[in-house]
């Protein structure tokens, strides 16, 4: 029985790590300036934990084979518990230190550093079950939000009051986030009902959108293309279908897109 | 789940019929340990409510302070007094115990007098406890008259929740004291220990009120 | 008149008579332990069926499950699960499993049964509170089940019930009316039951240990139950007020969690100023210690069983493992924010929470290494119980490793709310903790019921389950790496569609592994009625439960006053007739 356990565990271990080595199911290529630091962190962690995982499972398998059954003299690990405990603390301690050091820099760059001064501002509203994006328009100023004016039926997703609020008159509200490539973008995330989340796997970034709080979120996209923005915070029955598109365009394409939207 | 077919060893001790398994405590008194464990859990729940209060105060702009009904201060004095009367009661009962084992001839009647004295002070404690609850109800009524209801604002919400939770725990203490008094009257075994346990709980509820009053006065 | 100074007395107790007193409203900790275990069995069956239903839907979104439409005409018209019903099934699955299975079986079930026996006591310190705690938990279970049958259906907000989805009421969606109310009331009742239980465990462990049973001679299972009770005391004391505040927000118009300006289903909500993050803080301050409440008893049970089947004590004796469990329990209160890295809380706090989260891997790593190091030089005996213990070590390693990823905020930005998280917590809770429960069952069932379980069935159960859980949960890591978001009732996004075949594979594995559990259920039933008689000490084990009959008499030791003369895991002893020394030699058992 010990031999069976050993063989089974070895097979399980090897089969489990194969898809990791083969990148069978893998994060999509990153398009964000901070993405590579996350990928680097991921690789470091995979290597470190991979070594731990494979070695501990194989040791378990080997020991079960070697020390099963027949009446032998009981042996104890040489040195007793002390070297084992020390080894555990040192190995894990080192791993923790290295991961934290490098990881905090990546985290800080994404979430703690302020946005670029000249970042392009877009306002993002989440609701059950859609994202809406608001550009300030030619005046460069966002109109104020009036929750009592919010009405999905009238298409007034942000609760704007163009009649009384001059700044709101030229605000552009769309269902897709179009941005120019290689430009710092600053989003202000807010929600009108539940907690939602703004997640683009290619950006390696996500942020909860909490009702009652305006949360800044910034990034720079480095590759042109069309990507999916999905909601990751359970928000109701339509959570699975809550999606928008992030369209990263060249500067000139973006300019024409913006002109087209303002013209509407 | 059948009981084992087991033959107990032959002894001469009489078989006692008990409804509740009588457990042998060797390392401490379970009811004393238990009450301190209960006190920590209750303290923790009020700590959670306090932190919720602090977060809530900071998260919105609608924290409005209101005037505290004066009766709450009277209530505080009532509760302090009840702790005193409980201690007096405990001392009387303890004296009754030592009197009853004293060598003098009239020890039995002295003990009985001290016990009935103790019961008097215990009932006093109960009455003061119930008066406290009446005071709380009056305080709530005064707030309602001012239009300060549960959902009026976060400060009133927390006021009602904190005082209601405290009041419920106090009522639990009242029930406990009634039960202890019943056992003391019957001169049941270990009733003195139960009184000590109940006293720990009661004094904790008293201290908890102090703490809540402080929180309420400072933040509301 | 205090008990502590009196000579320990021996009482001859008469067992209760009458069916109700013996089996229903019993004060006997053994009966109560079995009641908890039975409740957990019912709950795990229901939770498992729920998972089959929603897993079928995930693999085959348009599949019609025959008969489901009669159970819930709104939720599954024509047998096809609606998106909201999917979320209801998922919510109830998580709630039932975490609360009614993982907190019940290893802790309240086995703990109630064996803690008093392992310390040489006749019962728990407060038998009446014990009975009340079970029936409160049972009432909580009934209230939770009622949520299936209300008009609007069970809640859809997940077992985590985040505000504001959970705190606004009917407008938020189906299931968020009466269903969520029942959920909150049930959990509040559950908290009360657990607090009473913790009270009992702590007082019993501290005060009722028999002569010679010092704290360092207590078996590791008892230590685990004691530490779990301490953790649970503070954790459930935090959840109870949180549920009360949630109920008030939903029904009384207060605004603890509901901010102003919310427009739900085109209705402007009357709340203002509340903080949705407050719920998350309150919940996870309970929630993280809760998952340690789920795993530490299983850890203790495995640590207790392994020495018996290795025929040697653990490396470092009991002290190292006790230190690991205490450290983990203590640290568990400092890490709750790691569930909230991207929640909108201050990003500086992410670093503050990440550090203790990574540090908490240390005690668990040390404990795992101790297990491994103990197997070196052992004489392993293989049976169902020991196989599940060895399997526990493997699956705990697998589950723990993924924790390293999630503990780092910079990786959590990618992995948060993906199947990577689902893989992690299922491996450590659903697999490792359940393996601990299985190991405990195979080990202790002979003692509890007086009959031996069938070994062939047990081994078959082990192999099918061990391979099955790897097939179910290992692929979820890959899904997470690919960015597959969790709690989705269907996969319609472009990048998710290619992953559906993996989901199909997982579903098939889940159904097969679930079917294998019927071997276990059958084994239990078969054992109860037709199993061979169990001797007092079938495993040649040393701790006090093996010094009494199978099952133990009403007062656990038949009137004997137990004196403990040895440490708990004296195995591998040379020179004697047997290779082990029992913890007590008081009295002679009537059968061997």
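Letters are used for the chains, namely A, B and C, taken in the order the chains are written, and counting of residues starts over at 1 for each.
Everything below uses one rule, namely that a residue touches a chain if its C-beta (ideal position, glycine included) is under 8 Å from a C-beta of that chain, and two chains touch if they have at least 3 such contacts.
A quick note: this is a predicted structure, and the numbers were derived from the prediction, not measured.
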item: Furthest chain, CA centroid comparison against chain B; value: A
item: Chain closest to the middle, measuring from C-alpha centroids that were averaged per chain; value: C
item: Chain A and chain C, separation of their C-alpha mean positions in angstrom; value: 30
item: Centre-of-Cα separation between chain B and chain A, whole angstrom; value: 51
item: Where chain B and chain C are represented by their mean Cα positions, the distance between them in whole Å; value: 33
item: Junction residues of chain B, two or more chains touched; value: 59
item: Multi-chain contact sites of chain A, meaning residues that touch two or more partners; value: 212
item: Residues of chain C engaged with two or more neighbouring chains; value: 259-260, 274-275, 277
item: In the complex with chain A, residue positions of chain C that touch it; value: 82-84, 87, 156-158, 162-165, 168, 172-174, 259-266, 268, 274-277, 310-312, 315-317, 320, 342-344, 347-348, 350-351, 354-355, 358-359, 361-362, 365-366, 368-370, 372-382, 387, 390, 393-394, 397-398, 401, 404-405, 408-411, 413-414, 416-418, 459, 463, 466-467, 470, 474, 478-479, 481-483, 485-495, 499, 502, 571-572
item: For the chain A and chain C complex, residues of the former touching the latter; value: 1-2, 5, 8-9, 12, 16, 19-20, 24-28, 37-38, 41-42, 45, 48-49, 52-53, 56-57, 59-60, 63-64, 67-72, 74-77, 80-82, 84-85, 87-89, 91-93, 95-96, 99-100, 103-104, 106-108, 110-112, 127-128, 145, 147-148, 150-153, 159, 192-195, 197, 199, 201, 204-213, 215, 228, 230-241, 243
item: Residues of chain B that touch chain C when the two form their complex; value: 1-4, 6-9, 11, 13-31, 33-34, 37-38, 40-42, 44-46, 48-49, 51-52, 55-56, 59-63, 97, 150-151, 153-154, 157, 161, 165, 189-190, 192-193
item: Contacting residues of chain C [partner chain B, same complex]; value: 1-4, 8-16, 22-23, 27-28, 30-31, 34, 121-128, 195, 198-200, 202-204, 206-211, 233-234, 236-238, 240-242, 244-245, 248, 252-256, 259-260, 272-275, 277-278, 281-282, 285, 449-450, 549-555, 558-560, 587, 590
